[in-house]
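My questions will all concern the structure given below.
Labels run A, B and C following the written order; every chain starts at residue 1.
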Amino acid sequence: MGNETRRKNPRILGVVALIFIIIGLYWGLMHAPPDAYQGDVQRIMYLHIPSILTAYLSFFLVFIGSCLYLWKRERRDDILAYSAAEIGVLFTALTIIEGSIWGKPTWGVWWTWDARLTLTAVLLLIFAGYLMLRSLTEDESRAASSAAVLGIIGFLDIPLIHMSVYWWRTLHQPPSILRPDKAPWENIHPAMLTAVAINFVAFMLLYFYLLSLRLRLGETKDQIKLSRLSRG
Amino acid sequence: MAFLKQAGLLLAKDLRLELRRREILLTMFFFGTLLLFVFHFSFDLAPEKVLEMAPALLWLAFLFTGTLGLAQLFQSERDNHCLDALLVSPLDRGAFFVAKVSFNLILMLIVEVFVMPLFWILFNLRSWNLMPLLFLITLLGTAGFCVLGTLLSAMTLRARARELLLPLILFPLMIPVILATIRGMEAVIRSGGLAEGAPWLRLLVGFDVMFLTAGILMFDWVIDN
Amino acid sequence: MHITIRQLAKSYGFLWALKDVSFDLAPGELVALLGPNGAGKTTLLKLLAGLTTPTSGAIEFDGDRPGRNSNRWRSKIGFLVPGEHLYENLTVRENLQFFCRLYDKNHSGAALDHALDTLSLSSRSKEFVAALSSGMKCRLAIAKWQLLEPELLLLDEPYGVLDGRGVDLLEGFLKRQCEIGRIVVVASHHVSRVLQLCSRALILHQGRLIFDEPRRQPWESFARAFSDFLPHGE
């Protein structure tokens, strides 16, 4: 792939993401009807659901990048893991903030120790720790392999954390879209579903836009390092 | 066979060094006892409430003393560049990991064997009959702590501010163990048997086995330069 | 053991310690590794010892590239750092026993005693290493590698803390190693000492190998290279 196309692609992605975000916001805030029980507060779900899904995708990419790095030792995979972790922390934090804003009028509290909330908070802590480990380890190749192991351990731990906090307490409403007994479109007003879908696409585009920027940043850093190396 | 022989050799070396200096064991034990006093002063619990709180307080004490021990876990290898001496040797990295986990586990169990009865004495608890079952759950939880703690301790070995960093990355990952041990012990105290807490025990065993395997497989990526 | 080093390079962050280093090592060679501080000597030794992995390039032992967990090769490589790599709170004898078991060498107690005896450490065998002088620690390190019988022995700056008798012991030990077909690589600043000892000299300068010749008498090319790159005559 030529340099020219690589430089242009992310920008196009960014513009498309912006368009989708505008459409998604219009659809979610104006077009979709208010929720029968929760009223307008429910509209925050149009951001909340896509952001948690992108956060999960991030942590999956950290896992994939970490495995690939330990296997093949390619800088590219390490940069992928690092970038995905950073963006993942961002989206997890967003998810928690949105959840709080929604929780206050709906549940009457900013924070409650329900299983999914706790899991999300723990994820944030794990990957904040991951970033901290990276920044506090000076030797780069050592930081990369330690972080890769931590990325894998963290990912393996998620089902266990999920199980433990779920047994511990469950108060959260059951997942509102994917319910095993009914098809999604039977539960929800079609306009609401469309709003979620559009916002989901918008967040995915935004996510990959940010990721491609962050990947390029990582690669540029490496190139600077390499050129300094060859100059001596 | 060679794997176990190497692990045994290393464990014997660490135990011998610890018997000579007793630094880690004594500081851990002293700190654990200190925490019990601090808990007693800060909570001022009514006797009937104490038994309810016992699992949480005990585990807080174990978690903190354990972290203290983890920070010292590779001390004998840090002196005199002995870590390099081990890394240039034909030592299997998995055996190295198993030896350090066992060493850490033995230290923590020794401390716990003393601190737990001390808790019962200091807080005037009577239900001594529950102690074996509670200790069984503690054993499983401590094993999980040691397995993951050893791996992360090696990970932070060459990081700046490693003593501060270690609990920051370890504690979030330990949440299944913390929840499972405390809830499991509560179930034992409530019902007097293991049946009620069985799911928590299974979770603990799963955690221990999973991360022990992961550690043996991945330790060389963490410890090698 | 034949060792082939091809285009070896190692970088630490923004610094490069070694670049494009290639050479071969044959049995019986005693190689002096020279160069100013920061020339990459220690890095090269660490790479040979498997303590760190190259950024690019490769080291082959008898045509075999050790990968992850290559313990077969590790048992044949020794890394003698005087006064280090010994447990301070184990006794002299315990240290030797520990490392012999770690390298799976079944030496009898008599063999251990003999090794201690040749280095006049017998009377110290029950003392803690922490209580030894640095010269004594170096002798213990020699005893250790005498017992572990590596095919490639690497030494980093061995002369610094050795007393006169220690130097004789060490050089005698290294010469015997080469006579029985083992390879010795010595990195040092004590140019005059290692030049008398070695059969070949390598000079590293800013991470590059700038000189590699077997020893001759007289050795003008060495003198030239040496004065060019080590102007202070270290």
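Here, contacts are C-beta pairs under 8 Å (C-beta built on N, C-alpha and C of every residue); 3 or more make two chains touch, one makes a residue touch a chain.
Remember, predicted model here, so these are calculated numbers, not experimental data.
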{"item": "Centre-most chain [mean C-alpha coordinates]", "value": "B"}
{"item": "Distance-maximising chain from chain A - centres being C-alpha averages", "value": "C"}
{"item": "Separation of chain B from chain C, taking each centre as the mean of its C-alpha atoms, in whole Å", "value": "39"}
{"item": "Euclidean distance of C-alpha centroids - chain A vs chain B, Å", "value": "33"}
{"item": "Separation of mean Cα positions, chain C and chain A [Å, integer]", "value": "50"}
{"item": "Sites on chain B at which at least two other chains make contact", "value": "225"}
{"item": "Multi-chain contact residues (two or more partners), chain C", "value": "53"}
{"item": "Multi-partner residues of chain A (each touching 2 or more other chains)", "value": "138-139"}
{"item": "Residue numbers on chain A that touch chain B, as the complex places them", "value": "70, 122, 125-126, 129-130, 132-133, 136-139, 142, 145-146, 148-150, 152-154, 156-157, 160-161, 163-165, 167-168"}
{"item": "Of all residues in chain B, those that touch chain A in their complex", "value": "148, 151-152, 155-156, 158-162, 165, 168-169, 171-173, 175-176, 179-180, 183, 199-200, 203, 206-207, 210-211, 214, 218, 221-222, 225"}
{"item": "In the complex with chain C, residue positions of chain B that touch it", "value": "2, 5-6, 9, 13, 16-17, 20-21, 76, 79-82, 84-93, 220, 224-225"}
{"item": "Chain C residues touching chain B - in the complex, by the definition given at the top", "value": "46, 49-53, 68-69, 71-72, 74-75, 77-79, 81, 83-90, 94, 98-99, 101-104"}
